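Below are structures written as structure tokens.
Shared between the two complexes below is chain A, which has chain B as its partner in the first and chain C in the second.
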Partner chain A sequence: MAEFYTRMGDGSRVLMTREKILNDIQAGMADAVDMGGLPDLTPNDIEKLFEIISDKNRVVGVEPGNEVVLTYDIGQLDFTGDNGNSGNGVDVGRMESALLHERALGADTFELAHADYSIKPVKPVISNEMQTMEEIQNEIVAPYFYGAMPNAGLYYSPDGPYGNPADLMREFKIDEAMQAAEMTADHLARDIEYVATRLIAAGSDGFNFDTTASAGDADAVGTFKGVRALRKACPDTYINVGMAGESIMGIHGSIEFDGEIVAGTYPHQQVKFAQKAGANVFGPVVNTNTSKSLAWNLGRAVTFIKECVKVAEIPCHVNMGMGVGGIPMCETAPIDAVTRCNKAMVEIAKVDGV
Partner chain B sequence: MAVPHFMASGMGGIRTAGDLVARMEYSKNMKIGKAKEYVAKKLGISTLEIGDEYIMRGLREELKIGVVTGVPGAPRGIAAKMNIEKLLDIKINSCDIFREMTKR
Partner chain C sequence: MADEKKALYDAMVAYKVPAIQQAVENARKSGMTASKIIDALGEGMTEVGILFERGKLFLPHVLSAAQGMKSAMEVLGPELLASGDVSAKRASVVMGTVEGDVHDIGKSICSTMLQCAGFDVHDLGRDVPKTSFISEIKGGCTMCGMSALMTTTMTVQKEVIEILKSEGLRDKVIVMVGGAPVTQAYADKIGADIYGESASETTNKAKTISS
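This part shows the complex of A and B:
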């Protein structure tokens, strides 16, 4: 029986038969359907997914005419960062990095970023960031954002002014934990407005909120509130809201945005919060299970993202980095796996960008 | 990570019309199909051709909207973006600020 080289979720190679690949696609899909209350993929989708995964070529791509927008996150840190960001450890300047991405790496958009890639640490160096934004805007042609993680974790003890909900809950101080999360959400929203409006005054095309909700539901609510304030202050600015995971963790549990609890929501529900807040583009995430095959992970991820794109009123640029969007969770994601996940997201889930 | 994505499905930024399509997605919330149609109509070519490097390289130089290679005298940065504003009938923030700075 013919076998096909494919991957596991940790990136390692594995040989699988057609039957095994199809079984894993369906099992991954069933997991997403069960978790998110989503419709199944169609039989045609499943067959196409099998064809993409079992393609004999090392690199696959979309048909001409099916290209989508490639939005970069993390700015120059993909060159300058350490391996925590899969960075190359090459200390190039931010201007050079921006222009190389535009002119050599096919970037449809790019962004400026602080080394800590979080909203809070930008505040003390805001003038420096504004001046760099002004300089690069004079040279670059492609849409150029400022990017940062909302990263509400930096507002909790010992790094920030509020009690740490995880510590407080261990002491059964539930009300205090919830109050700390609520104060953090409001503080984060204020900081987003402070930082983003200044970068936009310096010429930024917009703001990319990366890994929203990485610290749970208060992180998400603080971000959505900050986005709403930013939209009010800068009606024409470009706003991208990208998520941290497929489901928002309920660290608070009942904190709401516009009267709705955000904890436990999935991409097709999260996009509605982003739309209401004022985002132009939404970046959904589906996490990779390292113990399952690429077929299982991609079947699952495409099922989640297809529904998100279907219900979205704004474009969706799916997150496809290490360990998300079906891509294996490893520092050097194999090219065969990356291009297969990419093609499946574009041609089956119908995303507007990556 | 970025290069495989670019090769698999990326429009290619200023190699083609990727930056223009991105601007329509972000400025008008257009989904990919509508954004490509809008840009193609403004450029007077098809939605397939806006992703074609051979066609877009010459057209971008002719329209003075920024090219991917180093061409002395070809507008880039703010100058190219001012031409993009006219082409796409949109406003670009950095151009607005530049105009404000040059007012007396």
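This part shows the complex of A and C:
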């Protein structure tokens, strides 16, 4: 029986039969359907997914005419960062990195980022960031944003002024933990408005909120509130809200945005919060399970993202990188898996960008 | 007795501390033994863990259920000791997120689930130095749970196992590993005894191996 070269979620190589690949696609899909209350993929979608996964070529691409916008995040850090920070360990300046992305790597948009890639640490260096933004804007042609993670974790002890919910809850101080999360959400929203309005005043074409909800539901609510304030202050700016995972963790459990609980929501529900807040683009995320195959992970990820794109009223630029979008979680994501996952997201889930 | 058992289970799944305390009181009045009450609460806690993993319950709900369990144990513990039925007592476990890694939540849930299953849990928190795991094991812990959420920190799990070997402690401790980048294959490769994909799976495996 023919076997096809494919991957596990940890990046290891594996040979699988057609039957096994199809079974894993369907099992991954079933998991997404069950968790998110989503419709199944169609039989044509499943067959197309199998064709993509079993393609004999190491690298695959979309068919001509199916190309989508490529937005790059994390600024210069994808060069300068080490392996633990999604980078290559190559020392490149911020200007050079921006121009390389525009002129050599084919990025349709790019962004300036702080070394810590979080909103809070930008506050004390806001003047430096504004100056750098202005300098690069004078050279670059492609839309150039500022990017940062909301990263509400930096507002909790020991890094910030509020009690750490994880520590408080361990002591069964549940009400205090919830209050800390609520105060953090409001503080984050204020900081987002402070940082983003200044960078936009310095010439940024927009703002990318990366890894929203990484610290749970209060992180999400703080971001959505911050985006709303930013939209009010800068009606014409471009705002991209990208998420951290397929489900928003309930660290608070019942904190709301516009009267709705955000904890436990999935991409097709999260996009509605982003729309209401005033985002132009939504970046849905589906995390990879390292113990399952590429077929299982991609079947699951495409099921989530297809429904998100279907209900969205704004463009969806899916997050595709190490450990998300079906792509394996390992230090250097294998190119065979990366290209297959991207092709599936564009041609089956119908995303507007990557 | 089946009604009391169901009431205990339901109270845990509803995660409200006063209701759990009331269900325990009712069960005691009906003559249910302390160990059977704890078993029923433990089954409810397992369901709480599953609902958490499915995104139906959230962290405060899990901790509220755990608080109910703790409150029940304050009443039931002395009874358990007096009756001589100590079957619900399990091993001492040192838990922590390894050095260099500050991801705390998954490990904390796992600690809570283990505690509710009757283990004596020493949770050292996040960014735990390798030597702290070793100290706890030398102090009497017979199980060691290590979490790592990054590809760059999962190697620390292996380093702790190597230290255990070099200090002649490896055979005296059951090593559990987990976290997003960790797989069964990796756990086998580094010589861990238990790989847990989720908090409930880890707890079930820990219960099986320690029984």
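Going forward, the second predicted complex is superposed on the first by the 354 of 354 C-alpha atoms of A that agree within 3 Å, B and C clash if a C-alpha of one lies under 4 Å from a C-alpha of the other, contacts with A are read in each partner's own complex, and residues count from 1 in each chain.
We take it that a residue touches a chain if its C-beta (ideal position, glycine included) is under 8 Å from a C-beta of that chain, and two chains touch if they have at least 3 such contacts.
In this text the structure is predicted, and so the values were computed from the model without any measurement.
With both structures placed on the common chain, the touch criterion links A:Gly222 to neither chain B nor chain C.
When the two complexes are overlaid on their common chain A, residue A:Gly283 makes contact with neither chain B nor chain C.
With both structures placed on the common chain, the touch criterion links A:Ala166 to chain C but leaves chain B unconnected. By the touch criterion defined above, A:Gly353 lies against chain B but remains apart from chain C after alignment on the C-alpha atoms of chain A. Legend: residue contacts after superposition of the two complexes on their common chain; A:Gly245 is shown touching neither chain B nor chain C.
In the overlay built on the shared chain, the residue A:Cys330 is in contact with chain C alone; chain B does not reach it.
Among chain B and chain C, the chain that touches a larger number of residues in chain A is B. Against chain B, in their complex, chain A makes its touches with residues 59-62, 64-72, 78, 86, 101-103, 105-109, 137-144, 200-206, 236-238, 240, 280-281, 313-315, 320-322, 333, 335, 338-339, 342-343, 346, 351-354. Residues of chain C touching chain A in their complex: 54-61, 63-64, 66-67, 70, 104-105, 108, 123, 125, 150-152, 180-186, 197. If you check the complex, the residues on chain A that touch chain C are 8-10, 12, 35, 83-84, 165-167, 169-170, 172, 174, 177-178, 216-217, 247, 249-254, 263-264, 287, 289-291, 323, 329-331. Against chain A, in their complex, chain B makes its touches with residues 1-16, 18-19, 21-23, 25-27, 29-32, 35, 47-48, 51-52, 65-66, 68-69, 76-78, 80-81, 84, 91-94, 97-98.
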